[in-house]
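Each chain carries a letter (A, B and C) given by its place in the written order, and its residues are counted from 1.
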Amino acid sequence: MSHEAIAVIMFSAMMLLLMTGQRVFAAIGAVAAAGAVFLYGTGGVDIPFSAAMKLMKWYPLLTLPMFIFMGYVLSESRIADDLYRMFHVWMGPVPGGLAIGTIGLMVLISAMNGLSVAGMAIGATIALPELLRRGYDKLMVTGVIQAGSSLGILVPPSVVLVLYAMIARQPVGQLWLAGVLPGLMMAALFIIYIGIRCRLQPHLGPVLPAEERDVPLAEKLRLLRAGILPLAIFGAMMVPFINGWTSLVESSAIGAMTAFLAAVLKGRMTREVFETSVRNTLGVTCMFMWIILAALGFGAVFDGLGAVKAIENLFVGQWGLDPWTILILMQLSFLLMGTFLDDTAMLVIVAPLYVPLVHQLGFDLIWYGVLYTITTQIAYMTPPFGYNLFLMRAMAPPEISLGDIYRSIFPFVGVMVMALALVMIFPEIALWLPEYVYNK
Amino acid sequence: QSTIRWRMQTYAGPALAEHVIKPHIEMFNKIAGDRMQIELFFADQLVPTGELFRAMQRGTIDAVQSDDDSMASPTEVTVFGGYFPFALRYSLDVPVLFNQYGLKEIWEEEYAKVGVKHISAGSWDPCHFATKEPINSLADLQGKRIFTFPTAGRFLSRFGVVPVTLPWEDVEVALQTGELDGIAWSGITEDYTVGWADVTNYFLTNNISGAWIGHFFANMERWNELPDDLKTLFQVCADASHYYRQWWYWGGEAALRVNGDKLKLTTIPAEEWAQVEAEAKKFWDEIAAESEVKARVVAKIREYNEVMEKAGPPYRYS
Amino acid sequence: MPRIIVAYVRAVESLNYRIGRATMYLIFVMIAVLMWSSISKVAFLPAHWTLETAQFLMVAYYILGGPYSIQMGTNVRMDLIYGGWSARRKAMVDAFMVFFLLFYLAVLLYGAIGSTAYSLGYWGTEPFAFFRDLAMAFLSGGPEAAGEVIGRLERSSTAWRPYMWPIKVVMVIGIFLMLLQATAEFFKDLARMRGLEIGRGARAEVIRAPGKDPAKDSDRSTA
């Protein structure tokens, strides 16, 4: 069988299994196992398990349960409530101010956790009902929360960038720093969009009524203290890490510990919060790890059967495309695959195919990591299918229909595509900070 | 007749493999043509390096390029694989020990016992420290987390080094994240080639071994199935790759010390470094006491070094 | 459903539930190990066992916790078509498709058993025979005879050099439990096809109207 045929068969078999709603790891693992047993030849049967040994040595993945735990502690203990009040009071008097404040809230939450789910959960439980109650347009609100939560994996810490770092063999520290400015830029673009839109159409984001705006200055200043907590958690984690005092995984444990202590000290670590955080951390970590395990097996079989070479050959050899066309095609293919592949699976299966090629084409892999992250976030927000959309649907109140959710994200996706284009045209947006910090 | 297809995995990552193996596998494929093709995979690509030996034994991988230590070979000779301290001074020591002092027979025997064909051994680069902080005395080694080979690590821990083992490909990342303070893994050529020179600042000119021993292995059944001429072709290409490394490293080590601008050189004074060398002799005795095979290898290494010392310059200057 | 199957499903699920509940607290052990690692690094000589210990803990965490995570339903499904189906249809498709999962887990288990045999010094191609001999030797001659069967123990090739067999045994057990959970899922799906809900948490043989299954009708459906 030709390498191309194997690539096509393995990919379509996997898609088929995914389409029937099977657990993602089972679908990927089954195709990997079948390829290993029936196509690989002698000794192939050992490959799915040897992926487990490989996974064991991927020590940066120890950050995964740490960040997941952190995210749950933050969202379950509602220590973000104060943060929301801070933005609420300070931003309330501006048209669309609460939406802008929600983006600010998302930036701070992003700095405290490595996934986008926590941001989504906090946004949907705290910000969403408040904003709807104040007469904000529901499309504006759901769009803001989805867009804002995508900052979670761009602003450090970021689990997606850790995984990307493992695959592309790039330093996590640099990748994380590379995500900072694009993340802040994207947040700024969101804010500009909301600001302009709400000035033109004030009914989308009405200013707070006068009686609510009238908060004494002392109270306003007191509320600013809420911002100390995220900065403290971010600092406890990032300062020792960037300075090389502690390693990546150690820093993530410090982060988890700090978040846990913060919840305890604020009296929010109830038995129920504890139970939910600990249990869900196990559940979500298992989900990720089993997908990565299956995907690593899939990747090794795919590679061993020569399918990786086939794809490279197609892009560079047969089609003879120029580097930028290939890069843009890759980004488009991510958008397409984002409709049926889970983001972790996409990263572990597809990134190993693309990363060597991107490198060969002469692009910077740190920069590409940022492009990759923004692109997958877009993929998860674009209809008809996307994990963020489903998550929003699960968390939103019943008056928000799936149609509303679909329509709400378009302007924000537009903003994200613009951010993507800016980072592509001006790589310095991503690369300036890591170069500044690491080139002493 | 259909083409014989082998999968081969090296312990080296893509950047290093570009020099240490890829040209010669391409050479093999070009000559063998439709009769046989070897597909080369890099470090951890199909199986993790720690599982390489078992994968080869089981036939998941047909052939391997590695030292004994990195691929976790379960043989008695593993301990001599990656930088057995102070056993070798120059890279030519390796082929001489294997071909004139009988190490080749011992290796072949030990690997045959576990179903693996030992094809040939060749030398690689010396083992130097590259670190973030300068090392000017033995005291500077205290508490340094160093990526190194397991055996070298066991030895260096006597001087306060904390040996760390990671997948080879993660080392650069670990140096930047603070997981590691430095490496004692290679010579300066490799530091520059694989990018470690970009993430470390200092290079210690004293080495704990003048050459590393790398091997080509194959699954015994796969090897036996090959027609004789292809076996010979494989051996010739392996030898060509040994030869390439011989001059590539020898020239590279000298040129980069002098012309390289990424690493500052430091040296521990010879009198102080002599302590390390003396400790190594004790370490040899301890290893020799572990088994009969190890004792035989240590005896040959000792015999060889005595000859070299008596021969004087250019074999030994001290 | 036959009583024996209902009992089997309940037994498997309770076992996995208990193991999963115990495993979930390993997160604190991991945090403790990594905190010790940071502290020892700053305060005195860095400990060289911490990273590998944390790795082993992580493996135990996700492998032993796997079956419980299936019970919790945290595994993502792509529900673009699936989400629109009735509970009965989902159960039918799942009951068939679970064989793909079983196949994957069987291959994983086979690899794990072979790798564990290797870690106990067996280099042949029949790991099952090796374990049979090991068990026989142990039963007839006690630990000493079993020691005779065991060969060169595999150690991790790090300076700490821990033995590899304990973690591999944990993996074998975890993958086996996962396999049991998958068979339980199969029987649960068979029951659902008849409108029944069995297993842990379900009152035995409670009859539910089809399509009213809260566990399966995830609100993430796209329909």
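Basically, contacts are C-beta pairs under 8 Å (C-beta built on N, C-alpha and C of every residue); 3 or more make two chains touch, one makes a residue touch a chain.
Molecules present, by chain and UniProt name: A = TRAP transporter, DctM subunit; C = TRAP transporter small permease protein.
Given the structure is predicted, the values throughout are model-derived calculations rather than measurements.
In terms of which chains touch, the assembly is arranged so that all chains touch all other chains.
Closest to the protein's overall CA centre, chain by chain, comes A. The count of contacting C-beta pairs peaks for the chain pair A-C. Chain centres here are Cα averages; for chain B and chain C they lie 38 Å apart.
Between chain A and chain C the centroid-to-centroid distance comes to 27 Å (mean Cα coordinates, whole Å). In chain B, the residues that reach two or more other chains under the touch definition are 50, 54, 58, 179. Among the residues of chain C, those in touch with two or more other chains are 51, 114-115.
For chain A, residues that reach two or more other chains under the stated contact definition are 46-47, 50, 53, 57, 59, 245-247.
Taken together, the chain C residues at the contact with chain A in this complex read 20, 23-25, 27, 30-31, 34-35, 37-38, 41-42, 51, 54-56, 58-59, 61-63, 65-66, 68-70, 72, 74-83, 85, 90, 93-94, 97, 100-101, 103-108, 110-112, 114-115, 167, 171, 218-220, 222. Note for the complex: chain C touches chain B at residues 44-46, 48, 51, 114-115, 118, 121, 123, 125, 152, 154, 156-159, 161.
Against chain B, the residues of chain A that register as touching in their complex are 40-44, 46-47, 50, 53-54, 57-60, 165-166, 169-174, 241, 243-248, 300, 303-304, 306, 356, 438.
For chain A in complex with chain C, the residues that touch the partner chain are 17-27, 29-30, 32-34, 36-37, 45-50, 52-53, 55-57, 59, 61-62, 65-66, 69, 240, 245-247, 249-254, 256-257, 278-287, 289-291, 294, 339-342, 384-385, 387, 390-391, 393-394, 402.
The part of chain B that touches chain C in the complex is made up of residues 50, 54, 57-58, 69-70, 72, 74, 114-115, 142-143, 145, 150, 153-154, 157, 160, 162-165, 179.
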